[in-house]
Amino acid sequence: MTIDHTAARTVADPSLPEPSAELDRLYADFARNSTAPLWTQTNDLMPFTPKPSAIPFVWRWTELLDIARRSGDLVPVGRGGERRAIGLANPGLAPTAYATPTLWCAIQWLGGHETAPEHRHAQNAFRFVVEGEGVWTVVNGDPVAMRRGDLLLTPGWHFHGHHNDTAEPMAWIDGLDVPFAHDMDFGFFEFGSERVTDEASPAISRGERLWAHPGVTPLSSRGSSPSTPLGAYRWEATDAALRAQLELEDEGHPATVEQGHAAIKYTNPTNGGDVLPTIRCEFHRLREGTATAPRHEVGSSIWQVFEGRGAVVLDGERHVLQKGDLFVVPSWVPWSLEAETSFDLFRFSDAPIVEKLNFARTFLSGTR
Amino acid sequence: MTIDHTAARTVADPSLPEPSAELDRLYADFARNSTAPLWTQTNDLMPFTPKPSAIPFVWRWTELLDIARRSGDLVPVGRGGERRAIGLANPGLAPTAYATPTLWCAIQWLGGHETAPEHRHAQNAFRFVVEGEGVWTVVNGDPVAMRRGDLLLTPGWHFHGHHNDTAEPMAWIDGLDVPFAHDMDFGFFEFGSERVTDEASPAISRGERLWAHPGVTPLSSRGSSPSTPLGAYRWEATDAALRAQLELEDEGHPATVEQGHAAIKYTNPTNGGDVLPTIRCEFHRLREGTATAPRHEVGSSIWQVFEGRGAVVLDGERHVLQKGDLFVVPSWVPWSLEAETSFDLFRFSDAPIVEKLNFARTFLSGTR
Amino acid sequence: MTIDHTAARTVADPSLPEPSAELDRLYADFARNSTAPLWTQTNDLMPFTPKPSAIPFVWRWTELLDIARRSGDLVPVGRGGERRAIGLANPGLAPTAYATPTLWCAIQWLGGHETAPEHRHAQNAFRFVVEGEGVWTVVNGDPVAMRRGDLLLTPGWHFHGHHNDTAEPMAWIDGLDVPFAHDMDFGFFEFGSERVTDEASPAISRGERLWAHPGVTPLSSRGSSPSTPLGAYRWEATDAALRAQLELEDEGHPATVEQGHAAIKYTNPTNGGDVLPTIRCEFHRLREGTATAPRHEVGSSIWQVFEGRGAVVLDGERHVLQKGDLFVVPSWVPWSLEAETSFDLFRFSDAPIVEKLNFARTFLSGTR
Amino acid sequence: MTIDHTAARTVADPSLPEPSAELDRLYADFARNSTAPLWTQTNDLMPFTPKPSAIPFVWRWTELLDIARRSGDLVPVGRGGERRAIGLANPGLAPTAYATPTLWCAIQWLGGHETAPEHRHAQNAFRFVVEGEGVWTVVNGDPVAMRRGDLLLTPGWHFHGHHNDTAEPMAWIDGLDVPFAHDMDFGFFEFGSERVTDEASPAISRGERLWAHPGVTPLSSRGSSPSTPLGAYRWEATDAALRAQLELEDEGHPATVEQGHAAIKYTNPTNGGDVLPTIRCEFHRLREGTATAPRHEVGSSIWQVFEGRGAVVLDGERHVLQKGDLFVVPSWVPWSLEAETSFDLFRFSDAPIVEKLNFARTFLSGTR
């Protein structure tokens, strides 16, 4: 948002002041006093509806995998170069590498037997695995296996590192609130162990052993926590929940968000809320041949195709999608999905920020 | 709490008024005006610590089963005689059939192919199955299979009936907040269908298909609800959670409530709170040979032995316990458990009432 | 609630079992095992709508004042006889001195220069002053002047005593959750100082100096507390709020609860909720000549006329009311008010218990 | 945050990859695929502690008033040029006119008998008056007088306009979450009436008549609302609260935030929380001669001197302050105040954003 008073003054807007030498002196004094008039910026600053700088955009998984693999060959991972992660840089937000004003999304690559050292940060993070396995992410000392379809959580200020227990490389996506924390100046960072603090490779993490029992929670727990104590949400549970919703729909019972569209929210078992204070995670499944109603929402989200073929219509433009492809929906951009086959997508968004701060609005069917 | 002014006056308590004819006239006028002095009742009304009328008491499962079976032979079930349920009547609360001032607990018996008709009430209810199977409880039209170790919920104002899909009779325990709702005058009741509205006998209920996925909830859900939407908490999940806690303890990680004592709370997945607005449900497992620290708590609870042999010490008195035995712990009565074998117990209590109304206190080790 | 199995068996209810020797043996065994069948008690235990034992009742202020004054002459106040308080004993709840199943209400009398010693209890308390002044209630060491129209709070476990700083006696009403805490076994009690710990008589308490500024709260406060930190709600604020509501109604703006009926809720400034965890306090003002719509509510309440003349209709029966008169509305009893003159009434109820435990229902206009 | 891969590569950081032609091709492919590596940006993106672009800065009231007055002469106010407001543009955030990443602050000027037309926006706003009077801000049709020391609220999506009822001009400051809503793409805007919808000039608004009674709230209110229903927080209440805190401190009671430092938070009477979903408002008073302990906080704030003389030390640099001067404290910049005379300051901050999203940290005494 650049302020160009000259431009403003040359437009014949009756609400703007008449040019004059005195006015020029006034504008110069604004600048000298580190001030700026609202009347030259209102349209940009306070539009009728959100006018995101971020643009709707699609990244192709095949291309991301290619550059990630080449990074694996050329770029070391270790203390200092903490992570071999390649961020999705929304072209509308250049020169940053932000996907949206709030959300960071990257593909991370870890070669066979490599270790990404431990650190922690106030920023909240998760990983989602579209393919592959063999890496354990160790969160506050708890090794968490990463497998296809799993959502792995690293809430703010939890130490975490990753180690590849196999000879094969593995890639996954990271989601964080890095842009938000950076632009708000909320972030803290601290180095931890050079290697992960527990190199075991259990099939199931300790957090899951305590918390991944439906409706059954440790009596020793002290109640609501701001982030989920459950470090892994496994594909088996997600898939079973989605399958059940579609079966219930077939049987005539309410279960889906709209006809042919099953969806779940990953939740914090201590309070039923979102898994992270700033990020909502969801998984969507569309029946073959269905399409969702177009929808506007306040806040931004990022989607990744997990399985199947289909398309997304973003602000009227249709993008065909394949497994692993990622796309971003900036605030208030109308979106709808179309399923050529059964179509599975992971989504994360800044909805907790929008809702906790009372900015939520949703409109269906493409009209405001 | 009987008010006997005469008794009060004859005691030589310096804080009490001198007997006189005028005082007699005053006390008579108290009664005539439907009033009563606090000074003659304070000790009873406001003791230093809770002095429950309910007493610690143990009911034997073999005896309960016997009278339940005989009731099955002699007493019909059907509209009017809605339920063949036999309440545990705390001797301290006679002539009521209350187990505690807040909680009702009964053994219910349903013969082969019998049906208990549908009704609903503002009172909150659950069933817990210590043995047997074959009955479906149908809650708001959703048939829920009842099997050993399962907790089945019937939140307030949900229609419910039970039908036995087999030729064998089945017994289980019911827990309700009937005494609380009755004494507070909070209850409503309505008849429903003469038979259950869905006679299917699925292995898993629709509520479970939507909600029994760890941390994964329907996106179509509208957020926090006062009672759990999950109608059944299955034994497999409870058992797995308890086993995991003891294994984690063995591995040196925090998980249990005290050494050798695993415990879970059944929770509402929409908000992480209790399954019912007035009733907390828990399950405890003690390792063979362990004992819990004596404990006083505000509020009352009822326990049932699910498996194993052991004892409970209630206010200093030790009661040996076997499978199915039930005991009640009135408010502030010190209790501790001893496990002869591995020892599994189900518990329910009025803790949500105590905590939401800010009366909670706990003291460990038998001293206040 | 007395259980008379004989009575039940002699009634020709098709849902009840046939009399037989075997059935007699079964009923005897119920008793021997401290159990009782539900089928003989359902109607009493679980009525279609609340059937309170408490009855609608009116106490006359002139009579209460008379017996309080005579108690002042005959009954000492001091350690042991902690309070010279005379409870309103609902005839339906004999032999207790409860006003409702949850609420205690008493007239308290303190002679010139008398002191009621300090104590504390888990039970929550307040005082409301319909006439008089001169007494300071000292709550956790903070002296709070009591004057006509004031509501004074003593949340659970706060030390409190009263001292009369004048030569004139003073009377007021106390409201507590004593019946609730007694019957639930939630109460604790502790003696404090023999005299009040601060005998000063400031016009305004320290709690008010910190908290009685509209919308303006101490930054040093640590957020939401279960009870109000504001020890006194002064008549001036209550009166001004009610006057404003009626003026706003005159000007055509929404402000009152119904036409001609202004009402306020006393609230905890730390969270906007009720002043006590178990008790709601309100004040109502009706314009001369108005009547409220008949209303059923779950839960019980007690009202005191503060000023004016009018009537209450309780379950169809009309009671004329004058200044100071008190009446009780048991759960689900329809009530409406009629104002002969401008009519001011204080009210307290167990609504926080009803609402926090999810039993709330309200029906307007006398039909369910 | 500009990403300069060249720079990164030329630094001899062992964690960075070796330059090579292949690496050059990789970096080119990053750009071609709208991606960017994390390893060249980590230090900027995720610093050890917040490294705000916003700088500590002081604006002088005399200079702001001068340019505001000259704007009053040269710049019209009316539809299109909605407000004659001059924003404080933090030099570290150029070319925006943001005061901090979340907060907008402007001086607004309204000439005698001028009207700023009505509009509404999702952005939350308030006005604070350091001197002058005569303008009414009309919020959802409720005219609210603006006077010295008053805080006036305009929660998101409330229509509002201002009209000057006198012949004299008036200036005040506006605070909004415009930078936050703009950068997050959360904002909506709508035009309203060309003039204010109610040109009355009452001394007190309707919102105050309903809500400005300490602890006493309308029974017709429907509970917690996200923003305060109280449109005006008057100087008299603020001043009285601060005076009382210092007097209580003199008397030996806890009341202030630290010795000699009284402070209040403006709160929403429906829930005790902040007046706006995104903005906290406070008022501070230091005794003559006192200084506050240096403090770091996550999140940014803006202060205005209301009365007295003193100084602020921002990141070690001391700035002398006079009435009306404004200064900004970016996130994690240590600050302390020094009072030459009794020293009154208004403050607003983004603390609700920080706290609701779980990023809060505070450190006292200048060391982390």
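Going in written order, the chains are labelled A, B, C and D, and every chain counts its residues from 1.
Basically, a contact is a pair of C-beta atoms (placed from the backbone, for glycine too) under 8 Å apart; a residue touches a chain by one contact, two chains touch by 3 or more.
Listed by chain with UniProt protein names: A, B, C, D = Cupin domain-containing protein.
Since the structure is predicted, the reported quantities are computational estimates derived from the model, not experimental observations.
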item	value
Set of chains adjacent to chain C and to chain D	none
Chain whose Cα centroid lies at the greatest distance from that of chain A	C
Cα-centroid distance, chain B relative to chain D, in whole angstrom	52
Whole-Å gap separating chain A and chain D, where each centre is the average of the chain's CA atoms	29
Per-residue multi-chain contacts in chain D, two or more chains	none
Pairwise touch network: line, ring, star, complete, or other	ring
Touch list for chain C against partner chain D, complex	206, 208-221, 223-224, 228, 230, 233, 237-238, 240-241, 244-245, 247-248, 253-257, 263-272, 275, 282, 284
Parts of chain D lying in touch with chain A, wherever the complex brings them together	1-3, 13-18, 20, 22-23, 26, 29-30, 33-39, 41-42, 45-54, 57, 59-60, 63-64, 66-67, 70-71, 74-76, 78-91, 95-97, 101-102, 106-107, 121-123, 156, 178, 181-190, 226-227, 277-278, 298-300, 330-332, 350, 352-354, 356-359, 361
